[in-house]
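Both complexes below contain chain A, partnered by chain B and then by chain C.
And then the complex of A and B:
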């Protein structure tokens, strides 16, 4: 998993590439730290270049959601396709994550 | 002093003590050299030094009571230092014994031969005392640290093996499965394999009143020790809701109510639970985001809707019961996501469609009661040699009575 944060005056987009799985735990936590170090009002996770997410990956989105609620920014998820989209739908996390 | 610092100090003290009392064998045919090396080591704090005056004697002493390190002269009458090295390395007991070779004639060719014969390190004569002492200490330290790592690994492994056996006992016992098979005239094929010693998958089945059987599969997010501990928590919590077992949505709602406050953030369990009447084929099920179970029949596969929020995330999960019916010669197949997510040799993912295709193909080929074993064989044949990326559970229930009456 790689990510790039584009912060446009508080409206941020995180563009993910690669798989988001259990083994990406450390880099995902780094991402959350990177976000909290910036001034962010809205943050969209762009998953259009992600091929695969496992249940631990979904768990990381839930952690991001919790952090957004605590820190007072809004998290949205967009661009999910294929396996990622069906995982979000199957687990109804699409509703919870505003995807 | 905090706990960590005190334990580090203790480790350093232990290491210093081990170095002092380490048994060092000095092998040299010249008495003067033996004496000089011995004095150097004694000045450096070594208290357990023994001596041999030729290669033969050295090999005998090592075989009788192995030292922690050997300081070895190369040019000795009868058995040379090279031969001592070679002979020790042939013996698995001494494969890791540090051998510090000392020699007067140091040419590049000789160095190559010294290491080729199995020496650990080289000091040249005349002996530079601080250098000899530093090298002896370094090799002893390495040896002690490696040994303590080995011991730690061994004890960790035996802990994990014990934990794995305990976790295995959470799964239905073979005699319970046989009873259910006999009582309900069904065949249950089941498979479970953790990708690490411990896993985050769990499945179970139980007898219910009115000719019904309950079957669940669940998968705790992540894997390894953390997920495994949550399987124990989940399994124990399930025991509290025996009354609700006849009603899948209620059972999962009850389980969710205790697991949501208990699970750490980001952890949850995807789940599927079905109650099947083995005489009528009537089935009630509820889903919490588990991979879509398959109903496999003579005309192919249909997928059940296991959509639902996984257990342990929100307070009001709104699980609903869905009614379905197994027709004669239909079977219910539940599995964990690794079957669709695992990469194949060409790097692609099998996916849900791919797995359905496999099941349909295999269902045409042989006895349907052996479908899962044939499916798993095909799955493992397609996997790269390395181990699974996640835990694998596959359970299928084949009712045999449907349509009989």
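And then the complex of A and C:
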């Protein structure tokens, strides 16, 4: 998994590429650290280039959501397709994350 | 009885003293005839029977006013009297009303010729009239028997209609009851089609599907929650691992310092030995420092071992959490999609099933209504019975009138009574029944008209009684009857021949 953060005046967009699985937990934690290091009001996870997400990846999304609530910024997701969209729908994360 | 016969070529007048001077006129050329009863005068009640007035012969006016209901008697012809008026009397439709086949006519003419020959070619008008009266009496005899037999046939037909109607009504009542039971079963099926009984609880299919979906979603959410917790633990353990690595590093620093200390103590010991007695005390201190250094080195080694064990434990926990957090939900996702599809198909199928059952129940209800209406239609039998009773009563009146007229004829002319078993009567009967194709009815007719009333009546009684025993085959073997020849069916063993 690779990611890129585009921060535009507190409205950040994280563009993911690749799969989001357990093996990416270190990178994802670094992402959360990078976000907390920036002044972010709204952060959108762009999943349009993500092919696969497992339960660990969904768990990491929930950790990000928990962190956003703690830090006071809003997390949204967008661009989910195929398997990723089905997973978000199945777990109702699409409702929680304003997908 | 004092009576006078006034015979001319066109009319016969009979006066009956018992009627208290009431005159009865038999008018041969006017087409009208009337009679009074012996001993009493006909009234409206006698003749107004049934809803319809029976009119026989021409519709000439009743000369004595005895027929307020419009009933008139058949035209009485005197064959051979005028050379032109010996045709057979016809009814309103122009059909023959009484025996008039050519043989009978010829026979009557032959009798007249014989009579003429016997009288030496000087047959009188009185003789010709007498022969005609004999023919009238023969006709009356046959018609009286025929009407009596027809009365029995009407009774038989009415009984047949009654029994058959009761049978059909019973069958349709049974059909209505069955249709009601079917409608009830349909309603129960429709009601229970979408419900499942679970002990004391009744659940509909949508409720079951909603329950299953809730359970499935809850399971998924639990997995998701578990994944989040696992990832939180993973991150926490990662932090612990960092701390453990720091501890290990610090232990290494301790070991490094302890090693330097031990080396310093060794150098101190060497220098103390070199100083001789002056360095003895310093040498003892250096030995103690080395002992302490070895102890510290031992503790550091133990500490490193324990920290390494903690690190190994954390690594194993990390792996376990990975297995927990990395569940692939693809199979669950497919399973949920399939379950949802199956449930939707089940609901759709159940809906269609319910719709069809409701349609079938509606049809069954309509069928029940139709059959109830059909049962009501069977009430026509009562009306038929009333009409047939009216016909029978009217026929009885006609027979009585004819009897009275015949008695007056016998009394006034002194002619002998018509005998039953004579050749002449047999010819009359043959003529009457020649067109009767119904075998059993023909047989009864022969019995009744050949003046064997006891046997005929017994047969009718047995027959009517037999109708209650379901031995009337109305439709059974119908194809066989229709394919058979007329001669084969003419004298079969059926109690009733419909066609």
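Going forward, the second predicted complex is superposed on the first by the 99 of 99 C-alpha atoms of A that agree within 3 Å, B and C clash if a C-alpha of one lies under 4 Å from a C-alpha of the other, contacts with A are read in each partner's own complex, and residues count from 1 in each chain.
Following the convention adopted for this analysis, a contact is a pair of C-beta atoms (placed from the backbone, for glycine too) under 8 Å apart; a residue touches a chain by one contact, two chains touch by 3 or more.
The structure displayed is predicted, hence computed values, not measured ones.
**Q** Let me test your reading of the model: by the given contact rule, A:90 touches which partner, first (chain B), second (chain C), both or neither?
**A** A:90 sits against chain B and chain C alike.
**Q** Looking at the overlay, does A:29 come into contact with chain B only (first), chain C only (second), both, or neither?
**A** So A:29 only meets chain C here.
**Q** Tell me the contact category for A:17 with respect to chain B and chain C: first, second, both or neither.
**A** In the superposition, A:17 touches no partner, neither chain B nor chain C.
**Q** Quick check for you: in the superposed arrangement, does A:55 touch first (chain B), second (chain C), both or neither?
**A** both
**Q** Output check: A:7 vs chain B and chain C. Expected answer is one of first, second, both, neither. What do you get?
**A** After superposing on A, A:7 lies clear of both chain B and chain C.
**Q** Jot down the residues of chain A that show up as touching in both complexes, chain B in one and chain C in the other.
**A** Chain A residues touching both partners: 21-22, 54-56, 58-60, 62-63, 66, 83, 86, 90-93.
**Q** Could you list, by residue number, the parts of chain B that touch chain A in their complex?
**A** So the residues of chain B touching chain A come out as 219-223, 265-268, 270, 288-289, 291-292, 306-310, 313-314, 337, 341, 349, 351-352, 389-390.
**Q** What does chain A use to touch chain B in their complex?
**A** Answer in residue numbers: 21-22, 51-52, 54-56, 58-60, 62-63, 66, 83, 86, 89-93, 96.
**Q** Using the touch definition up top, name the residues of chain C that touch chain A in the complex.
**A** By the definition above, chain C touches chain A via 217, 220-221, 223-232, 234-235, 238, 322, 325-330, 332-333, 336-337.
**Q** Okay, in this complex, where on chain A does chain C touch?
**A** 21-22, 25-26, 29, 54-56, 58-60, 62-63, 66, 83, 86-87, 90-93
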